[in-house]
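The block underneath contains the structure these notes are about, expressed in C-alpha cells.
For reference, chains read A, B, C and D in written order, and residue numbers begin at 1 within each chain.
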Amino acid sequence: MKVLPKSPFFETGVKSYIYGDAVLEYAKAVDAAAIKYDIDVMFITPYTDIRMVAENTERLIIVAPYMDAIRPGRGIADVLPEAIKAAGAKGVLLNHCEKVMSLPAIRATIERANELELFTFVCADSLVEARAVAQFQPDIMNPEPTELIGTTEASDMSYVKDTLALIKGMFPDILVEQAAGITNGAQVYEFLMVGNDGVGSASGILKSKDPMATLHDMISNVRRAKDDLRKIRSGGSL
Amino acid sequence: MKVLPKSPFFETGVKSYIYGDAVLEYAKAVDAAAIKYDIDVMFITPYTDIRMVAENTERLIIVAPYMDAIRPGRGIADVLPEAIKAAGAKGVLLNHCEKVMSLPAIRATIERANELELFTFVCADSLVEARAVAQFQPDIMNPEPTELIGTTEASDMSYVKDTLALIKGMFPDILVEQAAGITNGAQVYEFLMVGNDGVGSASGILKSKDPMATLHDMISNVRRAKDDLRKIRSGGSL
Amino acid sequence: MKVLPKSPFFETGVKSYIYGDAVLEYAKAVDAAAIKYDIDVMFITPYTDIRMVAENTERLIIVAPYMDAIRPGRGIADVLPEAIKAAGAKGVLLNHCEKVMSLPAIRATIERANELELFTFVCADSLVEARAVAQFQPDIMNPEPTELIGTTEASDMSYVKDTLALIKGMFPDILVEQAAGITNGAQVYEFLMVGNDGVGSASGILKSKDPMATLHDMISNVRRAKDDLRKIRSGGSL
Amino acid sequence: MKVLPKSPFFETGVKSYIYGDAVLEYAKAVDAAAIKYDIDVMFITPYTDIRMVAENTERLIIVAPYMDAIRPGRGIADVLPEAIKAAGAKGVLLNHCEKVMSLPAIRATIERANELELFTFVCADSLVEARAVAQFQPDIMNPEPTELIGTTEASDMSYVKDTLALIKGMFPDILVEQAAGITNGAQVYEFLMVGNDGVGSASGILKSKDPMATLHDMISNVRRAKDDLRKIRSGGSL
C-alpha cells in the first residue's frame, strides 16, 4: 500500500544546494519539526542520501528526485525503481522543470511506480500542462507557475486557486501541492486555507537568513491551518 | 590526493541486476575476497548504495556509475560530484555504452572530477574511440570492444593488446582495464600477464552458476598474476 | 489563416523509406489521385523535400515531420518554423513515436505554430496520452494505438471509436485521424464512416506489392465515404 | 569521389538568422563572389533550402548542418544521409557547439558519410577536444576556440597556430578551418597566410553593417592569400 502524506502536509528538499552531512543535519531538523507539530512532511533527497535520511529520521516521507522506468537488469547509471524503494523512498518526483520528461516516459514511469506502490509527485509548468499531466492520474501534483514569473502576488493566488479547482474538478483524489516562491509561514497558511493539500519550499528555506527559523515558521503554520480547517469542517468558527 | 587502485587490480559492480540488501551482500563478499587475496578492487555501485557499501566494507574502492558536471546549487535529479564524494566514492565511471556522453560533457566532467580529486574511469567502444577518449587523459580507461562482438577468441586478445599498446603509447600513466566478456579466472590471469592494469567483470560473475566461486576464481587469479609479474620483473622465471 | 484539410481527408508520407526523385515521383502520384477523387491529402515530407514537393504538386497539403520552437537567430541544425513555412509547409507533425517530445516542448511548439498559422498534427500513443495531448488543443490528432499491437481487428475498431469519442467529447473542433496498420481501402472507408476526420497510411502503401494500386484503393474509398456521409447527413440512405 | 573545397577556401552559412528567399538571395551573392574571385566556398544551408541553393548556384559547395547516422527505412523527423545528398549537399557539418554529439554518434555518422562520399566537417571546442575529434579523421575540422572567449587578440592567433600545428601534426590530410569571431578581410588573410586551409564567417557577415561589402572584403582576401601563398611556394617574395 502506498504511503502518502496526509493533508495538510509540507514538502521540502535540498536540490543540489547542500550535500553529505549537511543533508542529514537539515533532514534531522525537518524531522524534529514534523514531530513537534505532528505534521506529515515529504522530503526530496538526492539518490545518494535517501538511505541515510531514511535511517536517521522518524517522521519524514522520503521522495526520490527522479527514477527511470527500467526493470532489474542492465542499465548502468540509470535509477532503478526497486533501488530507490529499497533505500527507503516512499515516492518519486517526476517531470520537474529541471528534468522534463516525454509523455511516454511519464506514462511508463507512473506505471512502474504504481506497480511498486511508490507514490508519484508530478510537476506541471502551467495551467494547460497541469490539465495534461492530470490525465495520467499521479498521486500528487505540483503545478509550478512558470507562467507567473514577474507577475503580482494577487494573480499568484488566482493561479493557485485556478490550478487547484482545475485538478480537483477532473480528479478529486489527486493531492495538490503549491510551491511557488513560498518564503514564509503566512503564505503557507494562506495556501492551505484555500484548499491545497500541501505547500512546499526548498530554496525559500535554504536561502533564507535563518533557515531554522523559516522552517519552523512554515511548519507551525501547517499545524495552524490543520487546526483551523478542522474547526471549520466541524462547523465551528475561527 | 586521488585514491587510485594499484595494478594489477580487479573491478566489478552490480549494474541494475540487484538492489538493496543484495548489493550489500555482494559487496561484502567482494570485500572479503579483496582482503583475502590482498588485491585492490574497484566496485561500481548505484548512487543509492554508495554510502552503504562504503560504510560496510574495508578494502573496496567505490566508483559512482556517472555524475553530472554541475556545481552545488540548483539541479534536482542531477548527480552532484560533491554528493558522490561525500557518500564515499573515490572515482566515477564515465561514457559507459549505456550512458554515452558528448565531448564537451566528457571534458567538463573530467575537469570537475580532477578538481575534487575523484579519479575518472572512462569507457571507449572501439580502437578509434579509445584514441579519442585518451586525449582527455582520464585516470583509467576501459576500451570495451563493441567491435569484437561475434568474433573469435584469438582476435579478442589481439584487440586487447592493440588497445593496451595504443593507450600506453600515447599516455603511459593511464591505467588500462579490460572487461570484455570475462567469465573465468584464466582469462583474468591472461589479460593481466600481457600488461593490462586491471580486469573487470559484472555480469560474468552475477549471471554465472556459482557467483561466489566465480568471484574467487577471478580474484585469486589477480593474486597469481601479481605474484608472477613480480617474479618476472625482478628477473626471475615462472 | 491556417490551411487545414477538409474532412474526410487522407494522409500519407515517406518517412525515411525513399528519398530524392522517388519522393517527388510518389508525391506526384498522390497529388494526381487527390485531384482525381477531389479529396484533401496531407503529405508528410522530409525537410529537404518540402519545397520540391510544394512546387510540383497542386492539391497536396504539405506537413513538416517536426520543427523546433526556436525563433530566427542562432541554432544551427535546428528546424526553424519560419523555414518550413517558407518552403511550403502548411502544418507540422509533432510528438510522433519516433520523435517524442517533453510537455514544455509540445506547448511551446504548438504556440509557435499558432503564431505562424501553421496547423499542428500531434500524435499520442494510448488513450491516456490522447487525453493529455488533447489539452494542448492541437488542430489534428493521431492517437496511434501502440497499446493495440498484437490485438484483434475487432478491438482495433473499439480503440478507434474510444479515442474518437474521447477527443471529440473534450474538444469537438480537434480533427481526428486514425493511422493504425491501414493496408486497404475497405479499412479507410470503415474508419471514416464511424466519424473519423481522416485516415493515414505510409508504410501500408510504400511496402505493399503494388503501391499505386493501394494508393488508389485508399483514396477512392475516401471519396466513397465522403459521398456516403453526405447522403446520410442529408437524410438519405445508402 | 568526395567533392572537397580546394585550399585556401572560404565558408559561410545562415544558421537560423534568415530563411526562405533571403537564404537564396544570400547564396546567390556568395556564389557570385566565389566566381568573381575564383575561390571555393562551402555554404552551410538549412535542410529545407539545400536543394534550392544547389539548383540556383554554380560554385558553392553545399554543406548540410547535421545528419543522423540512419539508413533508409523508418525514422520520421530524422535527417537521412541519402536525402541530403540527393538534395545537393556535398558534405555535412557535425558536432557544432549548438548540436553536440556523443562519441559513438560521431563515429557512426562519419562512417555513413564516407560510405556515401559526403565529406565531414567537424567542430571541436578546445585544444583537447580537437585532439579527440581528429582521431576520427574527418575531412575538415573547425577547432572553435570556446576557450578564448574574453581573451586578447594575440592569444587568438596563438590558439589558431596551436590547433593548426596540432591537427596537421597528427593527420596532415585533415583540412583546418578557423572561424573564431572573424569580422573582416584582414583577419581572413592573416589566418590563411599562417597555413590554415580555410576561414569561415556567418554572423560576422550577416550581422555586419553592410553584409555585401563584408562578404567581398573577406572573399577577395582569400584570393589575395591564394595568390601570395602561390608566390611564396614558388620561391618568390611578396
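In the analysis below, a contact is a pair of C-beta atoms (placed from the backbone, for glycine too) under 8 Å apart; a residue touches a chain by one contact, two chains touch by 3 or more.
Fair warning: this is a prediction, and the values are worked out from it, not measured in the lab.
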Among the chains, which is located farthest from chain C on the basis of C-alpha centroids?
B
For chain A and chain B, what's the span in angstrom between their mean Cα positions?
37
Let me have the rounded angstrom distance from the C-alpha centre of chain A over to the C-alpha centre of chain C, please.
40
Averaged over CA atoms, how far is the centre of chain B from the centre of chain C? Could you give it in whole Å?
50
Going through chain C residue by residue, note those that touch at least 2 other chains and give them in order.
none
Touching pairs of chains in this structure are A-B, A-C, B-D, C-D
Which part of chain C faces chain A closely enough to touch in the complex?
95, 97, 100-107, 124-126, 128-129, 131-133, 135-136
Give every residue of chain B touching chain A within the complex, in rising order.
13, 15-21, 44, 46-52, 65-66, 70, 72-80, 82-84, 86-87, 93, 96, 98-99
